[in-house]
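Please read through the structure below; I'll follow up with questions.
A, B and C are the chain letters, set down in written order, and residue numbers restart from 1 in every chain.
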Amino acid sequence: MSAYNFAYLDEQTKRMIRRAILKGLAIPGYQVPFASREMPMPYGWGTGGVQVSAATLTPEDTLKVIDQGADDTTNAVSIRKFFEKTAGVETTEETEKATVIQTRHRIPEAKLREDQIIVYQVPIPEPLRFLEPRETETRKMHSLEEYGLMHVKLYEDISQHGAISTAYAYPVKVCGRYVMDPSPIPKFDNPKLEMDAIQLFGAGREQRIYAVPPHTRVVSLDFEDYPFEATKADHPCDLCGAEDSYLDEVIMDDAGNRMFVCSDTDYCRSRREAGHMGRLAEENAA
Amino acid sequence: MTPLLQVKGIEKLYGARIGCADVTFDLYPGEVMGIVGESGSGKSTLLNCLAGHLVPDAGQVIFDTRANGPVDTVTMSEPERRMLSRTDWAFVHQHVRDGLRMSVSAGGNIGERLMAVGDRRYGDIRDKAIDWLGRVEIEAARVDDRPTAFSGGMQQRLQIARNLVTGPRLVFMDEPTGGLDVSVQARLLDLLRGLVREMGLSAIIVTHDLAVVRLLADRLMVMKDGHVVEAGLTDQVLDDPQHAYTQLLVSSVLQV
Amino acid sequence: MIELINVSKSFTLHNQGGAVIPVMEGASLKVEPGECVALTGASGAGKSTLMRVIYGNYLAASGQVLVGGLDVAKAEPRQILTLRRKTLGYVSQFLRVVPRVPTLDVVAEPLLAVGCDRTEALEKSAELLKRLNIPERLWTLSPTTFSGGEQQRVNIACGFAHDYPAMLLDEPTASLDVQNRETVLSLIEEAKGRGAAIVGIFHDLDARERVCDREVNVADFTPELAA
């Protein structure tokens, strides 16, 4: 595929995106507009993340792509193949071995390192959007740090459900300044947003890039009397027995039997290889 | 006594056309001033200039701030002005859709200003919201309902509660009773009068309804073609109008 | 307490060819505390106009209108409002209230306006309504639904709720029965007793005889017809 420039995008475009990334890193949580390109995939399939990854990848990098924590779903497989073809980079399913991780809706369970970059696919970057439809107004609210509206959303949650029911895309305040949508990761992952790796967020359709540099303070918004809680299904993984990982619920038959499994497939596999076993591990193996 | 608001030579032009010009007055704490005039007389333009929604082409709007005393709000920084409009100022719109968040519950609507100024205890915010619903005569049980489920009069009362919850000192009202039934209007007027007195509010009310200003306003300004043609004590201006236009306006009201 | 010095008043009808109608000229009058002065003169002579000029409701064209030391003819609106709230009461012939407000609150309003405690204000309001024979079952209703006589009595209750040092009474005993007329007259006597300066219009001659110390004929202030 020598007809393609490295990682599909031309160098000028990658430069433009890198400038946006650098600006984003310089102003943590601030949404930097960028000239999003048409990518050979539909919007909603990670066009923003792919462009950020394309601008980030070097020939020496090892890429991992996950979708809802899994390496083997259509979206993850397609994007991995896309970069194998257009950039010729190595790919991996192991979090440990990856230098660039593109993700949709999860942060891996394994702690990320300083030499890693995680790229999030973002559908709607504006956390204030559902309450304030005017872009001119939300920009002004960000620039003047008027974030009362964000708490209105949490207030509505509590008044309707008795608790903050927002379970994903839970708003955070970055570095004491900008309120940011962490993309639709479960709120279980919110505490992990304070990490050693570089975090980049790309929204293709909305044409926004933002970033959180390593070791940056990221606080989940809450009320004093309704503090933030990182919740997950109260269950161990039925395959690897892990009690500390985020779980997917899988319906197994018409009788309502179900199982809980790690959403991070690499984490689950590595635990099982290390000999950990869950409730249904044996029969599944059989 | 320092005036709460000193308006000096406010002028707003729309191209060559005058929106309002040469408007000067002082408003003292606790005073309610009405601005009347027909459509296009410049009363709404003036109100929007005073409330910081429009930038006047000339003049000063000096507000006696709690922290720093009298400050010209036209030249103050935007964050300061917006902070003012969330705390010491309130704006009641004629159309509730401009003043309420229709997709947010009544409690959330009232709580927004509290949260905007840093209130972070859900329980307190909710208690205050329920208290304010009571003060504007809406049942506490409606706290989680959205304004879309409310009648026009209730929506307007909710807008008032949402505005007054932070204890502002100056309220701007643009046709607050416009579009409401007469019976609902009366109830709203009574409520506003009570709140104005209890809270010691100052208010500037724009309306074309002379009956509304007679009941609510201490003072009256009559506008025509962007200029103030007459000003004074409300009953004096209405009962003994001096200017030709005011005489016409007063004599045009249908007697019930 | 109330003093008029050479006051004149005219109406300019801009919408009727700018006609100027002089209605009062050289009006001078002085009322001491505890004194009640009756304005007399034929209907249309300008009794009500003079009262309205004192109240600040009509703008005097020239001269001084001093009430409690304030020149109403030149004062700022807020000064006049303070004067009306604390010093100068006015019982007009018409009741003007916010619809829907209960009578008890209507009468308490002037007291609340001068900072009176709510319970105390309501007590005083109830006392006055009782004295003026407004049945208690009507107290929670708005006076807008009342008969003419009842409205007049509510109006009087409002005017006498707060102890104003100066008062203007426009036919306070009109359309009242004997018993209520008696109550109103004693209210006026009590007001005089505590030192209120009163200017009133009384068509009821006996009432005028009883409470007024002097009469002032406003016909003396009526401009020559030629003017």
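As a convention for this text, a residue touches a chain if its C-beta (ideal position, glycine included) is under 8 Å from a C-beta of that chain, and two chains touch if they have at least 3 such contacts.
Quantities reported herein were computed from a predicted structural model and do not represent experimental measurements.
Peer 1: Measuring between Cα centroids, which chain is at the maximum distance from chain C?
Peer 2: The most remote chain is A.
Peer 1: What chain lies closest to the overall centre, CA atoms only?
Peer 2: The most central chain, going by mean C-alpha position, is B.
Peer 1: Centroid of chain A to centroid of chain B, CA atoms only: how many Å?
Peer 2: Those two chain centres are 46 Å apart.
Peer 1: Centre to centre, by mean C-alpha position, how many angstrom separate chain B and chain C?
Peer 2: It comes to 32 Å between the two C-alpha centres.
Peer 1: If you average the CA atoms of chain A and of chain C, how far apart do the two points sit, in angstrom?
Peer 2: Spacing between the chain centres: roughly 76 Å.
Peer 1: Quick one: in the complex, what on chain A touches chain B?
Peer 2: Residues 131, 144-149, 151-152, 155-156, 158-160, 223-226 of chain A touch chain B in their complex.
Peer 1: If you look only at chain C, which of its residues touch chain B in the complex?
Peer 2: Touch residues, chain C against chain B: 11-15, 52, 56-59, 77-78, 80-81, 96, 98-101, 112-113.
Peer 1: What part of chain B is in contact with chain A in the complex they form?
Peer 2: 78-79, 82, 86, 101, 103-105, 107-108, 111-117, 120-123, 125-126, 143-144
Peer 1: Could you list, by residue number, the parts of chain B that touch chain C in their complex?
Peer 2: Residues 28, 31, 183, 186-187, 189-190, 193, 197, 214-215, 218-219, 232-233, 235-236, 239-240, 242-244, 247-248, 251.
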